[in-house]
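This is the structure I want to talk about, given as structure tokens.
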């Protein structure tokens, strides 16, 4: 059994981790921390967990996290970097679902996240937890930086094209749409239902924190710098990301075969038949990324459609996938969830 | 292994049955029939099932359903009554998710469903599949009439009150609200998203087919006729039923204790702490019924709040629960799903 | 021209008042106050008003509200009672859209609103602004207490029955459903889209502040105390209230004719043909209340369906209707809005 | 008074035309036709129109449309082309809200719409009804081809860039998102609420009928062929289109000033302040198009955000705007609607 702790369990990533972990046959939940809600039974805050979680939130200083085999950080950005070092020293492995260890360039990270990095020495050691690229390193990692939701959908969509060197990387476009759970469980006017339901808008067009993370990944795939225009949008749905990707094709190839071959062994990446249009509900609640690749009107622009559940493959599910890899378990353990449709 | 057939698998009840059955360790899917879509891979119609269901829809006459141990009818009303008899003769057990065998009074059934019953001789044998009332009979049944969605939420909400004889049964009210999946997967203007989203309405106030089914159940619980005003409403959500029940209290008692005791051994009925207000998302995708009981302003009216997922405890999940009972399996097999929240 | 001021214009009631007033031919907007957002152009906070409102929010102390003919309070409860007196002294008439002057029994008000009333001497003078009952008094009023949203839908639904003395007032039930804009434009986790979309729940069953307001109105109509069970629900839509009302019929009558006659001269109350089921979208953005009356299964329970737009007839629209009455204008001025469907 | 007829009034475009026309001071509604629903009162099908429309749907052959000054066709594609000729001969002016007269290249039209054009001789005479480009011709037109919803949002977004010759027209991208009312009021499984709510997907990526219409317009603006990748998406909201446009910038300029100047005199095109992100609700129910122009990260890609209400500026509102122009009325007559927010 893997003894697991969760730091910061009161957000959507936290409750989603719990949904997955309580049915994981190899996981023993040791502690779920929250400073503000210490003492509150987890199932009181999240009635969906009644009968599945008996723990109460506990203050982090009383949680004995150093007794865990693995600690998930489901905290706001900037928390994990303060606590990871001592946990690693105690032999605990860590998966950070926030952004603290995702970007290798410390100065770039500090620019986008507006704070000084308090643990720069661990950034280079941290493994970026996208299993479809870094599976081997994840297996050995002490510290995994779990990818962001947009970065997961966008990178998996571009990956075969960039690895194969088929497109002009100086003009990539990612038009991405997210459900509102991506904004987190925070008291804000901007994501009230009366504000965002039955409406649609872009946001962060001048610059979004996921841009440098995606560009770092694309550059690694392509072996050279990639220029990306990234436009995120808020969609009136709870879960789901739909990334519509555009790339200028430089040489002719069988795109469908390219994608199918690249992901043939990836259980959580599903390349749809030619001509398909994945909807986000087809992955709702599951760890799948479904992808369709198009070349409209036989032109020079490749269009890739990539969908995930932002809370699963875009956060908690990918974290559990990484945990499975780190502990030598079958990658699908506790992740064999059939999407909820309708 | 239980060899299972599904007749009529292209509706929401069908895809939901499949979602549950594909992870059931004791079930082998034998055939899923559809006249209109014979030949179409199931996972083409429902991409959520990609990787989980390899079967194609098959014409019922080619499905060899008599080889099954159990056949689910997920068909429109009036189909099962034509086919059940020969299946039973072949030794196949049957769970009908439609209404054909729910109402014992044939004339009453024919009045509400507007057709002649073609198999009245089996109606009396059929067991009404509400495990919390009829568990023992279900275990022995050849033919189970799976309850309707509204009737499940309403009956489980009223049950402790009526069994205990605490309320005046001449003036019961069930104000029920359903998500739109309850209307089925049929091409109709009335349930287009542009018609029903961001709006709310009652329907069927003069009379709804679930009224006689509920009244039959209430009468059985109370040991006498019950007079019920039943008003269903269409709610702009996909899944979920919220039944708000009103009953005139005739004698004082500890209502919270009454409910907790009645359902103490029922794994799928969850009585919430006093003062609670269950939301439908707290059962989304799961087989739970969550119930809260109130006595507002210490008056004489008991208010019961009862929520289910109409496609799970209100249809496919309850059918699987019945199957588990019929075949001697733990009742929670394949039903240990944690609700999807948010 | 009526010189109008709005105190507290940053909530949904405020923006809705502006939507209506900017097209009102007899209104001149003098000032819109906000402490927190003083200096911000109104159309910056509400881009829907671009080109229609040139004012910026102004600090209330700089607003010279005493120069107005009429001031609307679109503030939280407890604000108007501090400021109304001096405005009245200055000859300004006032419509309070909050609850400060709705309940005649000061002790009852203080119990439900949890504060001391700072202006009890004006409560008896204040006219309850439901035009269908108090039109004549409204015309003369200095101070109008604009009704709450639920109270408007519920009272208009019960009115003909209670005035006619046809029902047993000891057992009235109002099962009411509201869109989320009713919760206001406040930063709260509980009304985030990810929390309340695609879900449904009751709230405030033990007691809701609109209960005493409704009971006061029902008692006035009936000429005696009324016992009401009031259960509000949160519905995943932006606007709209649907009240489903239940009352025990004591004598036979033509209910359809009763309702049609009572509201024959009321331009904003629309009695639908027998057998109808109004949906909330049929009044979206308009000042109508649409009502249908049923007697299901010829039983003794009358069921009334009453729908309004909570922000219009339930708040800002009714306030403008009251203003029109107070200033001798045609009641429909600026309120001839056709509902937005779909 | 303009005597107006509407052919095909039972869809969303029809009811929206009625919403606008019933408050138009210069319009007299002569007839609203429907073959299937002849005899049904319009307000029975659309209760939102109760009290505003007294007409019943009438069979087209009984409608005496030749007595009208203007006839709107709110019909499926392929109907207007059969009837326009005789109306024009009778001196009636026509606005077709369908696609029959939008595309000048008959062969191209026939390819995309899958039928033979029955009235090719009128295609060249027809004026494409985008007032911001063709105002003068519209004023004189006998026959106006009202633009499609996507084409309106996309063309208004690209217009300043293309007229100024600032971008490489060989690589334009329009990533467009539409509410479900764009799919029309047809009984189809694909747009049931249970199918499309709480989900998001692209459709028509290989080719959508609005592509040739948009390309024709862009070519006219640019004075040369334009290559466009157009990807429409279905969004879980009722109304609204959000077009996110991408174009490679070829020369430096003040984009904000360019847009503001181009639309300075256009009352229905609102260029937002630099850095803005329009949401579709900011135009809900109104005839506005709101536009923001961005140059993210000072790169070479211009990003334009353009939002409209698909049923208003994208259909019925633009048709009324065209009518106003054709009949010499102020362009804003009956279109001074303040958007409905929230």
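Just so it is clear, A, B, C and D label the chains in written order, and each chain counts residues from 1 on its own.
Simple rule for what comes next: a contact is a pair of C-beta atoms (placed from the backbone, for glycine too) under 8 Å apart; a residue touches a chain by one contact, two chains touch by 3 or more.
Values in this document were obtained by computation on a predicted structure and should not be read as measured data.
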Message: Let me check something: if the centre of a chain is the mean of its CA atoms, which chain is farthest from subunit D?
response: B
Statement: Counting C-beta pairs in contact for B-D and for A-D, the higher total belongs to A-D
Between subunit A and subunit B, centroid-to-centroid distance (C-alpha), Å: 36
- line: Taking each chain's centre as the mean of its CA atoms, subunit B sits from subunit D at a distance in Å of 45
Task: Could you grab the centroid distance between subunit A and subunit D? Build each centroid from C-alpha atoms only and quote it in angstrom.
output: 39
Multi-partner residues of subunit A (each touching 2 or more other chains): 12, 179, 181, 185, 194-195, 197-198, 236-239, 278-279, 281, 284, 342
- prompt: Which positions of subunit A touch subunit D when the two form their complex?
  reply: 171, 173, 175, 177, 179, 194-195, 197-203, 205-207, 211, 227, 229-231, 233, 235-240, 242, 244, 246, 248, 275, 277-281, 284, 292, 294, 296-297, 299-301, 303, 305, 307, 342
In the complex, subunit C residues that touch subunit A: 12, 179-181, 183, 185-189, 191-198, 236-238
Task: Going by the contact rule at the top, pick out the subunit D residues touching subunit C in the complex.
output: 12, 15, 19, 22-23, 46-52, 181, 185, 197-198, 238-239, 267, 270, 272, 276, 278-279, 281-286, 290, 311, 336, 338-342
